[in-house]
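We just call them A, B, C, D and E in the order they show up, numbering each chain from 1.
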Amino acid sequence: MKTMNYSPEHLTSNRHLFWIAAVLGVIMMAPVAWIIGLSLKDNAELLKGTEAVFAMPYTLVNYANILESSSVFGWFINSMIVAIGQTIGVLLLSSLAGYAFARLEFPFRKTLFIIVLFGLAVPEQAVIIARHQMFNWFDLHNTHIGLILPNLSSAFGVFLMTQFFRAIPKEIDEAAMLDNASTFRIFWKVLLPLTLPAQATLGIFTFLQAWNDYWWPLISATKADMYTLTIGIASSQTNFAQSEGLGFLGAQAVFASLPVVIVYIFFQRHIVTAVSGGAVK
Amino acid sequence: MAESYRRSRWSNGLFVVPYLSVFLTLLVFPLGWGIWLSLNKVDLFGGERFIGLKNYARVLNDPIFAQAVKNTVIFVGVSVPTLVMLGLFLALALNKTTKGSSFLRGLFFASSILSVTIVTLIWRIVFIPNDGLMALIFEYFGWQPIGFLSTTGWSLFSVGVATVWWCIGLPMMLFLAALQQIPKDLYEAAALDNASRWRVLTRITLPSIKSTIMLVAVIQVVMQFQLFGQAQLMTNGGPAGSSRPIVMYIYEVGFLRWDIGMGAAASQILFLIILCAAMLQYWISTRKEEVDA
Amino acid sequence: MSASISIKNITKRYDSVTVLDDINLHIEDGEFVVFLGPSGCGKSTLLRMIAGLESITEGSIEIGDKRIDTLPSGQRGVAMVFQSYALYPHMTTRQNMSFGLENVNVAQDEIDRRVNDAAKILEIDHLLDRKPGRLSGGQRQRVAIGRAIVKEPKAFLFDEPLSNLDAALRGRTRLELAQLHQRLGSTMIFVTHDQVEAMTLADRIVIMHKQKIEQIGTPMEIYQHPVSRFVAEFVGSPPMSMLPINHIENTVDGVTVEVSGAGKVVTAITLPQDFNAKDAVIGIRAEDTAIVSPQEEGLDLTIKVVERLGDRTLLYGTLVDGTELIAEDTGRSKVKAGETVRVSISPHAAHIFDGNGLAHHSQREV
Amino acid sequence: MSASISIKNITKRYDSVTVLDDINLHIEDGEFVVFLGPSGCGKSTLLRMIAGLESITEGSIEIGDKRIDTLPSGQRGVAMVFQSYALYPHMTTRQNMSFGLENVNVAQDEIDRRVNDAAKILEIDHLLDRKPGRLSGGQRQRVAIGRAIVKEPKAFLFDEPLSNLDAALRGRTRLELAQLHQRLGSTMIFVTHDQVEAMTLADRIVIMHKQKIEQIGTPMEIYQHPVSRFVAEFVGSPPMSMLPINHIENTVDGVTVEVSGAGKVVTAITLPQDFNAKDAVIGIRAEDTAIVSPQEEGLDLTIKVVERLGDRTLLYGTLVDGTELIAEDTGRSKVKAGETVRVSISPHAAHIFDGNGLAHHSQREV
Amino acid sequence: NTTIELQRFFGACEAEYGKATDISAAVGECGIITTLVNKFEADNPDIKVNVTTVEWPGYDQLNAQLASRSAPDVVSMHYSAMSDYQSRGLLVPLDDVLKGQNIKASDFTDAAISSVTKENKVYALPFDNWTMLFHVNNNLMKKADLLTADGKPILPNSSDTLFAQGEQFKRATNKPFLVQISANETASYARIFYTLMMQQDSKFFDDPNRIDLSGNDAKAALTLMKDIVDKGLSTQDLDYPAAVSAFANGDGGIAVNGTWLIGTYDAQSKEPNNALSDGYSVFPVPQFFQQKDATYADGHGWVVPRGDRTDEKMAAIGKLFKFFYDNNYEWSRTGHLPTVKKVITSEAFKSLPHRSDIAKVATTGQALPAEVLRQFAIQDIIGEELGSAVNSDKSIDDALKTAQYRVNDLLENI
């Protein structure tokens, strides 16, 4: 006798929802597919009508054109330096501060933390002019440091790391205290390794934000050899007379996104688990 | 008699010194300076003269600013609920361990990694008349074409679409994280309690992630109030200023008109608005909590 | 209201791993059955299959003559109390208890009646407006049971509901559960790996081991007549001491065995002809030993550890050849670690296990 | 290596809440002391104050004549085992155990020696390269102890280290801890609210109650001569039955009390002149009762619940007037719930508690 | 060895022209300027020119640089933006530099030199003049029967003829008559509006600190612009790049766009099988009002921002300017009007395609009064307000009133 047993799979999943999401996913992908399609077409052909995207032939000429422009690699390196520098800086400062706010006792701890939280609501516009002037004094414009520094003040990282440190059982650092470890050693050797998932989360966010930053590099990196990729691409986009073909623009979009997309694809699993499983187990 | 050992000590504060020094020099100090500038008649290249609150009066009396505030509020009012609900929906639909759903999760998050220049480039190429993807689709179905970027009403909508497309990843991820924290046995208990799917959603799932919903909403409100790049690059605030957000107003006043004082004043007003919105939400959520407890 | 449960040829496999292998079990209406076994033997899995939380690979389950393994959990008429209680954290006690009834559209006054009744039985009426976060472990446990009671289910399923409680509370709650069963007279299945819980609660105990049911019986049967060495060692605290048998001699009343370190032990056990003597052991429970004066007959036991439980004292020691034996003395025992005492064994209470672990007991009732 | 510990006039307040009130306690070098008390009585707080994890409001602590409450935790020479073990999850067992030694720059070969020795003692040498995530509960517990041992501390502090283990493992580990103490001979303080643990492990038990120390004594003293009704009820499982006294009569040997539902009970207890008879009760432990044939003298007990523990059987019942009494029978008891049996009480073992909860015991040693 | 930091818009085209030095082979703004700089470097091995391309128009960045005193040595700048910087003392007068290279003010066209002269000093090397033009698709005009016998398009010369021809064109081709930029960028509204105002000889900026849009002239100009759209004679919703390619695709008869597109469209017309093949011509914006033949013009110049520079560097800059001056013809191949008198009268220039058709804008071209500050911001305001009148329901009076109010508020608060 073989009657179908009831199977409890439905408890947390729902196939209909999944398919709706899949359709949304297709819609989500459509603009990207469109751009990729355009980027693979000859500009002249596109001039006659963009329906051409749906038919052969395809070409890589737009990418070849981009690759030949030598500055792109310089911009890429700048973006990398800035994004990595900012990520390391934010992780370091936020971890130190997060640890102290979550775990250590010192005068005015709560007050300071609340003040820092207020920093979350400060929009960049409210400080950017004064910042620009300050960097002027110290000759920091058109330097990597100058591009890295401003976002180190982001309160978000401190907030996040404080939460993560709070989630670690207190007994762990108490055990280390009894093990005669100094406060810094407790931080460095015991607790910091436990926040690795959190570091990954914050690191990824910081990296992406730095990579995509627009306004500050625009006004701080005013020399071409200090351009980041975002600024560089934007600067080369406005050639009025020739009004780049859609294909070339598409290729630029794809090309400029490529590094992060590759990083993303490689680390996707970590990113996803980092974002979702950030809590310390 | 010697003091017995205490854990609270000044030296522990050293850990926050590096961050606090950056925080003070790069955020608090410029903020204070910004406030000072807002009280002065000053342009990009000097000419500082104290004029009290006049800049604020000018900003608040400027119909363009009023329009920008209205645009921004509408934008936040529509895009944030959309982001929250869509993010929640996606999280619910993709909260599984199958290959398909992890692929889709990756896909929906992927757009968040693109920079604003790219996102707007993509969407401009989608929305442009004649050659755009939307134009092709409309043509295919024989519909009347719409000037998505150049029609009052549609322009802000289009900016919103691009924004939601760009920003949906983070809310989805945060919701997924929250959903995965819900113990599985709650669902089992609900199954034994004969709960329908709808009841499970409304009575178990949503209440369990209430705080995350609040968190996501606050983050998004703060972020979307700072809308700038999308509007600047897609519609340039137009037509007729119908998609000009507050930040763009600040940008125009400060950098096109060189009126730094007035721009600073508008910035401080934006800061205040964001602060109030965030505090209001925080207050609502904590107050609800207390009532519940 | 309550009903019998029949489990027929149930098999459960995860991919290629078999977790339960052809299980058959009939539980009478109103019976309190405990699934007992070491961790990982499949107790929870079996229980969850009855509840419909785990799919069944082969076989069927009936509750009161009606096949239920084809139904979703909610429609099987069973209620379950989870190890973690799985209370809905954002609902008050009352809401937790009403939720299941609201789902099937029971009238509001009926819901109120049932919730209030159950709350009274469980003495949690003053907690009805609190949320689980503000309840103690024991109170949560009672709310979880209350949530089950109000549904007036055909059977209650418990998955180690006491394991999150501290020792004192566990003892108290155990007692309450026993009383509850007497009061409601419902069919109850209770999963545990704690043999004290099993002994004190069960009408019948189902001992599970290696994907199979090893023995089914009343607590007394299981304790006094374990079918195998596994059961004998698993049930009882402290565990039964096992002494290797060197030689077996048949007598009229039973066999006399020669035990290393203890000499001859006369038993009332009759062994079959084909008894597998290799690796055979004799098993003795601590309470079947007694400390006697050095003049009397018995074994010399050198004490390593003394455990004073107040009402009795357990002596962990070794015989002359190093074999370990646990003996019992009264609560007022003066024995100290390091001493050597004389221990007498009550021969009728001994058990013999052959090389395959199969048990042989004294035929006489003791 | 190990040392005595003196706790002098220790008080702990959180804002206005007093958690510990003027505690004084001297622990001898090499003693195994257990802090026992209900949840929230301040056991952990006291232990953590010794460890330096909690600041002291008033008073001082000395270890081996040296005042240590002015020192940070790491320099007090004590080791602590936490309830959650608090192992460093990212370090292997070996790293977990070495960490404390590395912090004080012990030479590498000395570290290795100590770690290997401790691992051998605890039988975790094969686990040295695993991380805690891959250890079972019992193994983690041993690693936590190992981490303490290698530091060769002046005293070991344990905060309910067994409460995360399941019943069987808890029993085994308890035994191992006792052996470890015998082997190391170190001063150990152990916090628990489980009286079985306290009874089986302690040289001396410190009973804490309401911010104070209620009684200090050996397990036997505590069990047999509780100073108060609180201690009598808290220690012992099942708890002592308390029968209200209606009338007291002095005799030569002691007093004879009239107990409602039980008639006259002759005791060997002498009461002082100013005995507060209001609300006085007589306390009887289950093991001091026996089931006798209906012909013999005794009390009639109607049984509500029967708990078969295998080696003995507990009978929860009510006397004729409804007073509750717990009696004990042998493991092979045939008594069923609902029956009425005759129970005899051993009068010498009874205790009398006056209206203030103060205890009076039989003067004769039993 | 000297290095000149040069910052410009006009886009980047490293790929195609990164190493090119053959100026005559280059096409388009980007190609020509890139090649020019390459050639200059090749000719002057002791001078290195470090080029930074900025996003158009790049004034945010320039402002930031000026504020941080890190401005480059040579910057491309619109004539209309120069007053802002000059009035703040942020630009270096170039009289000495030019004199050192033997360039005289009188070598430039009047329109050009007057645009860069402030307070009697020259603040930029004028590089070109540009205006809005009518780029015509002759092939479509032919279809609509709007060609003369010798193949020249018949263009409107009043609003009435415009509407009539537009109708005729639409009927024949089913396409809009005009291809206009109407999305995202609003500058073209302002430029057309200025042109229409100038054609009415309006004195709307009589006082450089106040704009006056209350007169009938403003109303007439705007009404015309709105009517074109309302009567369906114009494309709608196109942003800049879309408008450029729409015309190239033959989606309309006449593109209203700048001089800079002549080179590109002309090149296209010489290729076979596209909408413009053998059918491209270009003309100044017709005179819709009779008062004056005028058209709004602006231009690009090279300025030297304030900063410390050695004499040696200034000399190098002078050489660069001289080189630009000498190659003014090459730049004019983009479609822009040359600023050097002898170029504009040269045969070489005149024989460039279509140049004779638009030659008169050199004289009819007219800028806003040089004293008007913040011309870019003003252009944005006017463009935005006019756009809302043209494309949505804002009334013409309202739009003009708000535009005037906003511009004056801006100017009052400088």
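Heads up, the rule we're going with is that contacts are C-beta pairs under 8 Å (C-beta built on N, C-alpha and C of every residue); 3 or more make two chains touch, one makes a residue touch a chain.
A quick map from chain label to UniProt name: A = sn-glycerol-3-phosphate transport system permease protein UgpE; B = Sugar ABC transporter permease; C, D = sn-glycerol-3-phosphate ABC transporter ATP-binding protein UgpC.
Being a predicted model, the structure only gives us computed values, none of them experimental.
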{"item": "Chains most often in contact, by C-beta pairs", "value": "A-B"}
{"item": "Most distant chain from subunit C by Cα centroid", "value": "E"}
{"item": "Equivalent-chain rotation between subunit D and subunit C, CA atoms, steps of 5 degrees", "value": "180"}
{"item": "Separation of subunit C from subunit E, taking each centre as the mean of its C-alpha atoms, in whole Å", "value": "93"}
{"item": "Intercentroid distance (Cα basis), subunit E paired with subunit A, Å", "value": "39"}
{"item": "Subunit C and subunit D, separation of their C-alpha mean positions in angstrom", "value": "26"}
{"item": "Residues of subunit D whose C-beta touches two or more other chains", "value": "52, 72-73"}
{"item": "Where subunit E touches two or more other chains, by residue", "value": "60, 63, 67, 241, 245, 249"}
{"item": "Per-residue multi-chain contacts in subunit A, two or more chains", "value": "8, 11, 49, 133, 234, 246"}
{"item": "Contact footprint of subunit B on subunit A as seen in their complex", "value": "8, 11-14, 17-18, 20-22, 24-25, 28-32, 34-35, 38, 46, 49-51, 92-94, 96-97, 99-101, 104-109, 112, 116, 118-131, 133-134, 149-150, 152-153, 155, 158, 183, 187, 208, 211-212, 214-215, 230, 233-234, 246, 249-250, 252-253, 256-257, 260-261, 264-265, 268-269, 271-272, 275-279"}
{"item": "Contacting residues of subunit B [partner subunit C, same complex]", "value": "183, 185-186, 188-196, 199, 203-204, 207-208, 210, 292-293"}
{"item": "Sites on subunit A touched by subunit E in the complex", "value": "47-49, 64-71, 132-133, 135-136, 141-142, 218-220, 222-224, 231, 234-246"}
{"item": "Interface residues, subunit D side, partner subunit C - complex", "value": "39, 163, 166-168, 171, 174-175, 178-179, 182, 193-197, 199-200, 219-220, 223-224, 235-238, 285-287, 304-305, 307-312, 316, 328, 331-332, 337, 366"}
{"item": "Subunit D residues touching subunit A - in the complex, by the definition given at the top", "value": "51-53, 72-75, 78-80, 82-90, 99-100, 103-104, 147, 151"}
